[in-house]
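One chain, chain A, links the two complexes that follow: it is found with chain B in the first and with chain C in the second.
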Partner chain A sequence: MSAVDAAAKKSGLKIGMPAAKAQALFQGLMMVEADPLADALALERITLWALTQYSPIVAVDAPDGIVMDTEGADHLQGGEELMLTGIANRFRGRGLSVRVAIADTWGAAHACARAITRETVIVPRAQTVRAVERLPIALLRLPAKILADLRTLGFQSIGQLSATPRAPIALRFGPEVGRRLDQMFGRIGEPIDPVRSPELVKVSRAFQEPIGAAETIDKYVGRLVAELCIELEKKGLGTRRTDLIVDKVDNTRQAIRAGTAKPARDVRWLTKLFKDQTEKIEPGFGIERLTLVAVMSEPLEESQRTSSLVEEEVRDFTPLIDIFGNRGQRVYRVAPFASDVPERSVRRIGAAADDVAVAWSPQWPRPIWLFHRPEQVDVIALMPDHPPVSFTWRGKRRKVRRADGPERVFGEWWQRDSELDAVRDYFAVEDDAGERFWIFRLGDGVDMATGSHRWFIHGIFSS
Partner chain B sequence: MRYAELQVTTHFSFLRGASSADELFAAAKELGIEAIGVVDRNSLAGIVRALEASRATGIRLVVGCRLDLQDGMSILVYPTDRAAYSRLTRLITLGKSRGGKNNCILTLDDVISYSDGLLGILVPDVADGVCAAQLRKMADIFGDRAYMALSLRRRPNDQLRLHDLSNMATRHRVKTVVTNDVLFHEPGRRKLQDVVTCIRNNTTIDEVGFERERHADRYLKPPQEMERLFPRYPEALRRTMEIVDRCKFSLEELTYQYPEEAIIPGKTPQESLEHYVWECVPDRYPEGLPPEVLKTVRHELDLIKAMKYAPYFLTVFSIVRFARSQGILCQGRGSAANSAVCYILGVTSIDPSTNDLLFERFVSQERDEPPDIDVDFEHERREEVIQWIYKTYGKEKAALCATVTRYRAKGAIRDVGKALGLPEDLIKALSSGMWSWSEEVSDRNVKELNLNPDDRRRC
Partner chain C sequence: MRTHVRTSLTVEELREQIATLEGAAVRKAECLPFGIGEIDEKLPGGGLAHGRLHEFAGGGSGTVDGAAAALCVAGIAARTRGHIVWCLTRPDLFFPALAQAGLDANRVIFVEGEKEEDVLASMEEALSFGGLGAVIGELVRLPMVASRRLQLAAEKTGTMAIVVRRWRRQTEANDFGQPTAATTRWRVSVLPSEDLPVPGLGRGRWLLELMRVKAGGCAEFEVGACDVEGRINLSAGSGDRSHSSGRSVHSG
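Presenting the complex of A and B:
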């Protein structure tokens, strides 16, 4: 057995168990022939995809993982937490289960991702020791022989192992155990050798003398951008994500990623995006090599400007959007969505996305401010469908002078079981002071199966 | 409080209505609604089922139709008498012949020329300029037979909308009448209605968006509830019964009208038929008519005379005579083979006396419906017969019979599955099991396919 799913694990099957034994344990077991070669190929494909999506430095963590250096790239996804949930959601959307962890080192992230039961975890900076000390030594990436011997000696957790004097262990098992522990705790570096797809457009420059001054870096980045744009033009492409990879003399590597909302090939635009970020580069003992890679590119055709007597100037906001986006802010637009349920009637779309065709009915006014969550209110109203006579919201009682309703909004039965019969009756009410509110009652006022008859306020109209 | 529901859509408004006439009439009886006006879209196809349901429940059926015109105007029309009914059927035939399959192209000008004796109810949207223009046209065309529907939508500004509409109608001297725009008989059918809307728009429930019916509560409501919902318009509520009383037409008035043909001058159809029978006897019985056959023929002719079916036999006879004269093979089949008259006239080729078949299985006094004589024609030359029929009776008066699309279980499962976005193989698994389970998909069978019958996408 080389892999088992969650249900199989529950019935006591383990990886490494002989197939015959597994079948004896569980009748009617469904078995699929393992195909390590195809698995490896698929993993590589996903790795290359992750390269275009998440980070400039991505590698296969064989046999079942991917490791990424997301330092300086997570802001394009809206921060670490959003990036992690985003990754989890995208895999789940494809029917793949995934565990994602962020930690200070490759070793720690590797161990955490394989130890957690939920989908995502973020180990805060400098908390690696606390996070991993209770994890089993199996997660240390050690050869099976060493692991078995360590267990024989009574070692169970990584904490125990790291608290043991190093010399006797090194004498018994060689330097491997110490190296893995040091890598996990970040005492020695573990560079990630990134995967590269041959089709990527890439330009690089090696320096005889290491460079370090900010102006020098800027100057060479500018030249590289110009070269990259020429290469892109030859292929008729524009770049959506561009990585600047900085190789330093002490064999460390730093990467900066810049994203654009539309495919771009404009030297000034791209240079500006990188110059905003070059201050993040820490030259250390000097930079040996600068590489610029267009990791995600899309076709971009030249289009002729229309010439007419009256020049119609179309202002292109995408450079501005890119500047905000590369600073780490989330840039999006809010667009109407074809749903009668107020919470679902808007959604976020990409900043540079095309306009949506859906529009709200102008005959059916909506409040200017829709609350994030409806707040419960106490209401005096006649059943089954009369508007409230008065309501108490946040301790203040308001008499209703005018009202319109009910507007009957049905649950979207295809979304959730709880919405099968759900109904909300919305009322627009105006109080004595002329302030207008959007209030609803759960249920249609007759059938209790449609809702509990409790009242909520959901928004405020402009007075 | 007496109330009639005048805007009811059955499932013969294909992929719009979600309840059958039986369900609607049964529900109406339960709720105390006195009459139901069936208005399917550009079609009268649903009224035969509605008539049966009306007979079964005793709820009066008001025959009508919803005309969706090319300029976006929708009118409900109700014929007041038989003449108006035939004008309405002609109007729909005109629209269908222009529109082709599943389409009906009509304009207001067409309605004007066929509007005599029809009551018209305008289905308005909001009280705007368009609505004013429509009301003016309604008043022009229908005069005192013009009405405008007031229906609740359960959407913002509903009461204000009704108020404006009512005032506008009064200004244009058009009377208002309360309707409920019914699409299904009970609230639970809303989901099925959503699904059929998806099928009509060729989309899935997740994508359908605002194409769904967005006006709420499209089920039958009892008269008291309607009175409570429309307290400001008591006269519009009363007019529902007024319209029912004005529409005197009933489907029961319709009888068969046979073409007059192959009639020998100076003789009635019955005498002509008898004439042809005796004329044809030597062809079939060269040695003379055996006495028992003579007895049968006499008996059949008496029955045909009593039921007044002679013109129908003559029509079939003349078509067969034409086919024979052209050397086109033809053969009567089915229950007509029980008839000695058909045998003698050459419509069928089996001597009923040799097989001792019973004529009453073909025509009988107890079963008061005309016989049907199936005749097969050689398929390569069938077109010639069809063209002859068109030529003889006129293009306007001859028609090929068509059926109105309805769902069978298998196709329904396939389309509903698609609308709910189920994967193709799952739909196949569900629908291929249909033969053995006939009407109902039982939970047990669903479980056999390893599916969860409680899943909401499969109710």
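Presenting the complex of A and C:
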């Protein structure tokens, strides 16, 4: 048995059991022939997909896992926690179950991902020892023979093994046990060799003498970008995600990723995106090799520029959008959404998206600042349809001089059941000083089922 | 009469010489006029200069929220041509209001950063990219060095830079007294609107104060708020500069 599903596990079947024994335990057992080759191919496909999505350094962690170096890549997904839940959700959406863990080292993450019962876990920085000391030694990535012998000697958990003097163990089992322990606790490095498929466009340059100065790095990055663009042009491709892999003399690896909103093959544009980030490279004792890989590329056709005397040239702002995006800023445009509820009437769209033809109704006044959360105010008002006479907001009482309204907004029952009867009556009011506010009352002022008749301020006008 | 013409010519020549001395901005900056003679004549060049930094802040009781200043800026942006980059840290801008000031949502690219420094960096990047109608940033603090950098970046590409000062507390508003490299500084405060013959709200009124302008004098105007094309108009009470409200003259 090489794998069992949840139902089989419940009836007492275990991985590693002989098939005949399993059939004896459970009648009518459905067995599928294991196909390690197909599994490995599928895993490689997923790995290549993860390479385009999450991080520049992704590799297969055979036989059943993927390992990624997400250092400096998680902020693009909104942080470590969001990235993990995002990964889990995407797999679950495809009907696959997945365990994801983030830890300081490959070894620790490998062990944690296989030990947890939840879907995701994040081991805080420098907490590796506490996280793994109780885990079984089977998660140490040791050969089966060594594992069995260690068990015979009575070792159960990683904590026990790491607390034992190293010399006798090394004498008996060789250096493997010590090496795996050191890799797990981060005492020795374990570089991840990223997966590459033959169709990836890749250029690299090795240096006889390690380089380290910022200008030198900039110079060679510029040359690599030019080479990459020539390669891309040969294949008629433009890159959407490009990784710069920096191999250093002390056998560590750093990666920088630049993304573009559209397929790009422009030397200046790509150089600018990388030069923005070269300050993040820590050369350490020197850089041995720089590699530039277009991990995600799309066909890019040369298009003919029309130059006419009359037509105004529309400038392409995608390079600017990319600069902002790669710096971790949120770049977006807004577009109308068909909803009467004010906070739902605006949606964000991609900054490079096509123009939207619809517009908001210009009929009703709208405030320029809309509060994220309406603030409750104390109001004196004649019910049901008169505007407030005065209201108190943030401890200041304001007398209403002029007002407009009500503008009635009905709840959207197709969004939430509780909104079936909900009503908001909006008033635009102006106080003594001329400041204008957008105030609403929950409910229509007569029927309590439509709302609690409490008043809220939702925004500030300016005209 | 003749001497008068001569002197004004000399003044013109001297002005040009000064402009040449000022460096990079040898070519005369183009301007975006307000379309109101009284305001435009106070501004050198007859309007808000492209390739310069302009600063807008809220005044009066709306100092902290700066709502009028933001809408005034939106109206100016609506009258420029090309895309607008709007850099901010607090995403509470409600676009339907900007659309009512004539700003097309397809033209505005928002860049939302975590810190003030991000806004400054994004503004500078957008200004040096060029080809934009205007670059707008919402800032609490605008130190001299930062404003100088923005001004230089704006000069380089001839893009208009606009800073909207948004404070969180009244005490922070004192910062507006500090000098910056902005070419013009404006303060926009709301005024009570004029009574309509029926209950309701009419067009808003603003007190538009030109606090500082390079090579020009200060002035203040009472104006009607932005219309659907982003234009302001001169309100009736502006002539005698009395801020009394409640006169039954409808704004033009």
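Keep this in mind: the second predicted complex is superposed on the first by the 323 of 463 C-alpha atoms of A that agree within 3 Å, B and C clash if a C-alpha of one lies under 4 Å from a C-alpha of the other, contacts with A are read in each partner's own complex, and residues count from 1 in each chain.
In this text, contacts are C-beta pairs under 8 Å (C-beta built on N, C-alpha and C of every residue); 3 or more make two chains touch, one makes a residue touch a chain.
All values derive from a computational prediction rather than experimental measurement.
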Is A:382 touching anything from chain B or chain C once the two structures are fitted on A? First, second, both or neither. neither
Touching A:448 in the superposition: chain B (first), chain C (second), both, neither? neither
If you tally the residues of chain A touched by each partner, is the higher count for chain B or for chain C? C
Touch check for A:413: first (chain B), second (chain C), both, or neither? first
Just to be sure I read the superposition right, which of the two partners does A:404 touch: chain B = first, chain C = second, or both, or neither? both
Touch check for A:365: first (chain B), second (chain C), both, or neither? both
Output check: A:339 vs chain B and chain C. Expected answer is one of first, second, both, neither. What do you get? first
First, second, both or neither for A:331, with chain B first and chain C second: second
Scan A:214 for contacts with chain B and chain C and give back first, second, both or neither. neither
Check the residue A:42 against both partner chains and state whether it touches chain B (first), chain C (second), both, or neither. neither
Overlap of chain C and chain B interfaces on chain A (superposed complexes): 365, 404, 428
Residue positions on chain C within touch of chain A in the complex are 60-62, 65, 67-72, 74, 82-83, 85, 92-101, 104-106, 108-113, 118, 121-122, 125-126, 129, 131-132, 190-193, 195-196, 199-201, 203-206, 225-226, 228, 245
Could you list, by residue number, the parts of chain A that touch chain B in their complex? 337-340, 358, 363-365, 404-410, 413-414, 416-417, 420, 426, 428, 447
Which of the residues in chain B come into contact with chain A in the complex? 126, 154-160, 187, 190-191, 194, 205-206, 208-210, 214, 216-217, 420, 456-457
Which residues of chain A touch chain C once you look at their complex with the stated criterion? 315, 317, 319-321, 323-324, 327, 329-336, 342, 345-346, 351, 355-356, 359-360, 362, 365-372, 401-404, 428, 430, 432-436, 459-463
